[in-house]
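Structures follow.
Here come two complexes built around subunit A, the first alongside subunit B, the second alongside subunit C.
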Partner chain A sequence: MSSRRSGGSRMSDDQIADLVSKLQRLIPELRGRRSNKASASKVLQETCNYIRNLHREVEDLSDRLSQLLASADTDTDQAAILTTLLI
Partner chain B sequence: MASLLPIPEIEPSPEISPEFQLKKRRKTEEKPASYHRMQGNQRMNRWRTRREQQIYSSKLIEALRRRSPRTSSSANGNDVRDTAYRVLAVSAKGTTHWSRAILISRLSAKMRKHKKAKVSANWKLRKPAAAGNSENRKMPAVERKLIALGRLVPGCRKLSFSNLLEETSDYIAALEMQVRAMTAVTEFLTVGNDGGTQSPADPLGPNVNS
Partner chain C sequence: MNKYNPPRMNPSSLRSRFATRFLRSLSEINAQKPTASSSSPTEIFRRYRRIKVAADKSMAYSVRSRRTWSRAMLWKLRTRPCGRRSVKTSTIVRKTRHEKQNKNTTTATTTGEDGVVSGVEADELRELVPGGEAMDLYNLLDETAHYIKCLTTQVQVMKKIADFYSP
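After this line comes the complex of A and B, so read on.
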């Protein structure tokens, strides 16, 4: 099969499948099922969705964190020390 | 047979180095791609260690504390997010494309703010054909998704397929750690604020009927 599509990828299909399966193992969506079921397209799609979800979570957490920090200025020093010790 | 280079400069956590040595003995291929993959596995697992999360949490809190007096306690959500990503990129110790891209973009954003140069310069350079026109080159769905993925991971638009997947794996692991760390910090601060474990000098607090 000619693999000239993506700008000179000289890899064999096996290597591509291997990388894709490795990526698939990271995505919680696809980890539960048998790993040879998902196509490359689906793996990539789920990867994009997962990264977008993570971005959104970070955004939400940042907002919450900023509110917490703004509302408790004097306690942040104590909280900071305790956090670094306990977490 | 050309032997691979010895262990790279990443600090050896005890839970990682025996695994790495096992992988080194198993995969004695000569191609540099597989060497990077090995290194990538070790890097990726680093984001799962508790130690890395602790380091990240403390660095994040320190960075946030240092910032807030300057911004007159109007800690913006966007500022927190930018700080969080910056600290994450620093924790990657410059070993990955995405971490370097984050740090570089922060630097250039800061300089752009001072010099008031055109911010839109980068966006104009991006070819409109890359936006997913299903004309000639981008018809295969896998291609399109690869490009979308390359846009999501910072600094990875022009990487080869294997490098992109490598970066993606590391980026996902790092993001997961970031979410875990920020969740823990947020919960901790929430409990601290509401539960009142560190009640300031409040004489009338617990003394009701004694």
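After this line comes the complex of A and C, so read on.
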């Protein structure tokens, strides 16, 4: 039985390291790198950049949609969109 | 134990839940357009805001309260005024002050195998993930992974819709 360091509230470094690798696999920037782990600090940095990029993409897409929707009839298209979109 | 998955969409997948909700919101937004000036810059900007909120709302509702970040986002969206003026300042100041008191109890730094996870980067991440201010490092990383998955779904669906309507 492994000895606990302090109380039950502190997560072990291993668990943190696992989560960091999990994040690393999600980020395109870091996925292609050498299979060794990137430093935790690098992973967090790239994660922040990636999230910011995604936010920006959402804004750009919202912008695009706001212009496209000006001349769209979304009611009748819904079913069509859903089928093409989600298969 | 071979499960054959027919090539149809899974109606309960995050993707389809989000897409259905979002499309419904888009219909509502479209139905509200004033006939005269639906292409004026002001109208377009207003529609842009509504679409962006609808995208976030649809995503948060699709995840419901299963995640800390979605709960935080839902809370933020609900306390958002529907009108033009934003009462963000007072609410956020109160919240930040309260959160700051809690910060000392959360573990902001730890030593990983490949070096130290500095508090600065974790804090930067906390600002990007809804509800991050109150999370300890472990939960922050866990929530971030899920948040990223949902964001990419959001982007993919929105892209497909935009492509559908592009000439």
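We take it that the second predicted complex is superposed on the first by the 59 of 87 C-alpha atoms of A that agree within 3 Å, B and C clash if a C-alpha of one lies under 4 Å from a C-alpha of the other, contacts with A are read in each partner's own complex, and residues count from 1 in each chain.
One rule holds for everything that comes next: a contact is a pair of C-beta atoms (placed from the backbone, for glycine too) under 8 Å apart; a residue touches a chain by one contact, two chains touch by 3 or more.
Just so it is clear, the model here is predicted, and its values are computed rather than measured.
S.K.: Per the contact definition in the header, classify A:51: touching subunit B only (first), subunit C only (second), both, or neither.
M.R.: It touches subunit B and subunit C both.
S.K.: Using the superposition on chain A described above, determine whether A:17 touches subunit B (first), subunit C (second), both, or neither.
M.R.: second
S.K.: Who does A:38 touch here: subunit B (first), subunit C (second), both, or neither?
M.R.: Once the two structures are laid over each other on A, A:38 reaches subunit C alone.
S.K.: Taking the superposition as given, does A:68 touch the first partner, subunit B, the second, subunit C, both, or neither?
M.R.: Once the two structures are laid over each other on A, A:68 reaches both partners.
S.K.: For subunit A, give the residues common to its interface with subunit B and its interface with subunit C.
M.R.: Of subunit A, residues 11, 15-16, 19-20, 22-23, 26-27, 40-41, 44-45, 47-48, 50-52, 54-55, 57-59, 61-70, 72-75, 77-78, 80, 82, 84, 86-87 contact subunit B in one complex and subunit C in the other.
S.K.: Under the definition above, what is the set of subunit B residues touching subunit A in their complex?
M.R.: Answer in residue numbers: 53-54, 57-58, 61-62, 64-65, 68, 73-81, 84-85, 140-143, 145-146, 148-149, 152-153, 160-162, 165-166, 168-169, 171-173, 175-176, 178-179, 181-186, 188-190, 192-193, 198, 200.
S.K.: Going by the contact rule set out above, which residues of subunit C touch subunit A in the complex?
M.R.: Residues 7-9, 15-16, 19-20, 23-24, 26-27, 29-31, 33, 38-39, 44-45, 47-48, 51-52, 55-56, 107, 110-118, 121-122, 124-125, 128-129, 136-138, 141-142, 144-145, 147-149, 151-152, 154-155, 157-162, 164-166 of subunit C touch subunit A in their complex.
S.K.: Hey, which residues of subunit A end up touching subunit C in the complex?
M.R.: Contact set of subunit A toward subunit C: 10-11, 13, 15-17, 19-20, 22-23, 26-27, 37-41, 44-45, 47-48, 50-52, 54-55, 57-59, 61-70, 72-75, 77-78, 80-82, 84-87.
S.K.: List the residues on subunit A that touch subunit B in their complex, please.
M.R.: It comes out as residues 5-9, 11, 15-16, 19-20, 22-23, 26-27, 40-41, 44-45, 47-48, 50-52, 54-55, 57-59, 61-80, 82-84, 86-87.
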